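Listed next: structures, encoded as structure tokens.
In what follows, chain A forms one complex with chain B and a second complex with chain C.
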Partner chain A sequence: MNHPWTGPRLARVALLLAVAVFGPAAGPRSGFETMSPELRAMQQDDLANPGMLHVAEGEAQFQQQGCTACHSAEAMQGVAARYPAFDAARDGPIDLAGRIAQCREERQGRAPLPREGKEMLALSVFVAHQSRGLPLTPNPDPRMEFVRRQGEALFRERRGQLNLSCGQCHDDNAGRRLAGSLIPEGHANGYPLYRLEWQGLGSLQRRLRNCMVGVRSEPFAPGAAEYIALEAFLAERARGLVVETPAVRP
Partner chain B sequence: MRAFLAAALLCLDGAAFAQNVPVVGDAIPASLTGMPGDPARGRAIVLDRQRGLCLLCHSGPFPEERFQGDLAPSLAGAGTRWSEGQLRLRMVDGRRLNPDTIMPSYFSTEGLRRVGRAWQGRTVLTAEEIEDVVAFLVTLRD
Partner chain C sequence: MARTLLRVPGTAQRGEVVEIRTLIQHPMETGFRPGADGTVQPRDIIRRFTCLYNNRPVFEADLHPAIAANPYLTFTFVARESGVLAFIWEGDNGFSQTETRALTVA
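Moving on to the complex of A and B:
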């Protein structure tokens, strides 16, 4: 599957050639680019972007929760751009929220935070925001390659009563309309993000759960390995797009 | 006798049932219920975004409906292009015509993975609803 001439490397060579021949439009396109001008303006203006309130909340939490005993905000720069990472302690991949939970529970000995709770989202959005503008450069740890391949298999597998795969919408039909919604390429470069439909900030796992429930499939449990594998594949698929956190989406 | 047979078949779930549906060429000529469907009910199902879901992917001659999808051909003229039996097979299990189709199989649970708890063992539409939709589609004559 990872044969050098059919695997991601070939795709990257092809991508480089395509960029050389057709210009930069051939690379992955962020959901940002297909949004209305109003929404793009809302994302880009820190005073109008509702996600920025959560970033500020996260900055306060970062102090209050004692993260600064070990980390500075500056040291968080670039972290989100290379997650998920391989965690030696659990001998498996870990996403950003998982790392925050690990620091809190194992290093600080405190009670777990719910993944979609206000505090976890605020801490995650604050940390991820420190990478805003940096290109996604997926973790080069060779042990992540296996995880990415698992993620790709999940991305291509048809599921649910409607029997659709992620790829059938986001590769084959991106740019078309599913009823009123423009199908984006499905890149995860802006999470956690503010979604108008949610009227609030939400995680990537929430987004993936929505897509799964949309095809009448049983979503995975919060924090499940499957989500982290999907995230690892999505990061590779979006390689080079810049982190937008906190993005705004319809 | 015929009504009894239809009732007995309907007790089976869609997977078992769909396997017993007589496919002739690219069509299922006979009604799944042994009765003709009701086009008015069929129209309501097609327009219903929780039941038919058709407008997620298709557009059609429904000017009052906003937000129609463009992942699939327009339903306008479907009744001119296809016979009733061809439309029925397309609704029951389009994979028999195109294994890669993205159109859901509305009356088969075969080969599905990770179906949500609320939907397990159920087909998207019932036999009666399929007949209603087919009866409506044959009226779409451009």
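Moving on to the complex of A and C:
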């Protein structure tokens, strides 16, 4: 038997100290950093990144749907970097797609668009793209603090038949492999994004559904408050990473 | 109309090798995948891409199932004279789209 302060235990303490002093740079690491050079090149080249087709579509929609009557594209700069936000009218948090839906339905009196349909994705990706390169600066509204805490609780809660929490993969095992995929830290700084597996553009909620189904749990209903709480926590967790929209992911 | 992203230089020196890049929005449905209801989704792909330079082909490609959605094609040719480049994508279900760009050769 090893004495608690000698042998492996001491070695482990020394190792921990070494990691603390020389270890990996602190701070969040975008999923971009761990992709192959080919995929990184694809994301960075606006003529090879298929997400840019949807940004062009969104730019046209922004005109066609009359958003320009009240907003300019420049006024959308920085918006995505501080969402989700607190919406006084509904006395609760709202994500970017929810805000766009609110403008369409309440300010323009239009029929709702499907949340993950082509047009809503195009509008969202166009608006979010205006913040590309800006650091995530989560909404300072004190009423968001409660929402973030709710999100953190959901992030740490074990779920599904596999009984795994988000954190067990994205905090404890980030950088390791799950079958063929590298487990990223799970930051949401590039959404909506183009995913090769989807062969298309998809929302953060679609990504989160994939992760929930992956552990064989029932995903929340589309647009559910839980997603917005998770998103609010993810934004805090990724504070300082820059918006990459439209990112490319495997 | 499908959205396209094209990179075509507007001007070139005579004899210069110019690089063209094209990206087009298309699902490239293989014809082998079952949909949500279990039935196989019918094939819907772009079958042919052609680039004409003053009506003469300078690049052609046949596309097949298992080529990813939103095909990205890049190629080069030698600029010899000013003129018009036409980019033509044709495929299943009568898909046909043409984009043109002018090229001035000094």
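Here is the rule we go by: the second predicted complex is superposed on the first by the 226 of 250 C-alpha atoms of A that agree within 3 Å, B and C clash if a C-alpha of one lies under 4 Å from a C-alpha of the other, contacts with A are read in each partner's own complex, and residues count from 1 in each chain.
We take it that a contact is a pair of C-beta atoms (placed from the backbone, for glycine too) under 8 Å apart; a residue touches a chain by one contact, two chains touch by 3 or more.
All figures in this text were calculated on a predicted structure; none of them were measured in a lab.
Undergrad: Check chain A with both chain B and chain C modelled on it and let me know: fit or clash.
TA: fit
Undergrad: Of the partners chain B and chain C, which touch A:Ala221 in the superposed model: first, second, both, neither?
TA: A:Ala221: touches no partner chain.
Undergrad: What's your read, chain B or chain C touching more residues of chain A?
TA: Looking at chain A, the partner in contact with more of its residues is B.
Undergrad: Kindly classify A:Ala75 by the partners it touches after superposition: chain B alone (first), chain C alone (second), both, or neither?
TA: neither
Undergrad: In the overlay, answer first, second, both or neither for which of chain B and chain C A:Val213 touches.
TA: First partner only, chain B.
Undergrad: May I ask you to decide whether A:Leu178 touches chain B, chain C, both, or neither, giving the answer as first, second, both or neither?
TA: A:Leu178 sits against chain B, while chain C stays out of touch.
Undergrad: Could you tell me if A:Arg159 is touching chain B, chain C, both of them or neither one (first, second, both, neither)?
TA: first
Undergrad: Is A:Ala88 touching anything from chain B or chain C once the two structures are fitted on A? First, second, both or neither.
TA: Neither partner.
Undergrad: Let me test your reading of the model: by the given contact rule, A:Leu196 touches which partner, first (chain B), second (chain C), both or neither?
TA: A:Leu196 sits against chain C, while chain B stays out of touch.
Undergrad: What is the minimum C-alpha distance, in Å, between chain B and chain C after the two complexes are superposed on chain A?
TA: Result, nearest C-alpha distance in the overlay: 16 Å.
Undergrad: What is the shared patch of chain A, the residues that chain B and chain C both contact?
TA: Shared contact residues on chain A (touching chain B in one complex, chain C in the other): none at all.
Undergrad: Name, in rising order, each residue of chain B that touches chain A in their complex.
TA: On the chain B side, the touching residues are 49, 53, 55-57, 66-71, 102, 104-105, 109, 111-119, 122, 124.
Undergrad: How about chain A: which of its residues touch chain B in the complex?
TA: 157-164, 168, 172-173, 176-180, 212-213, 216-219
Undergrad: Mind pulling up the chain C residues that touch chain A in the complex?
TA: Those residues of chain C that touch chain A are 3-7, 21, 23, 25, 27-28, 68-70, 72.
Undergrad: Applying the document's contact rule, which stretches of chain A touch chain C when the two form their complex?
TA: My answer: residues 46-48, 50, 52-53, 56-57, 196, 199-200.
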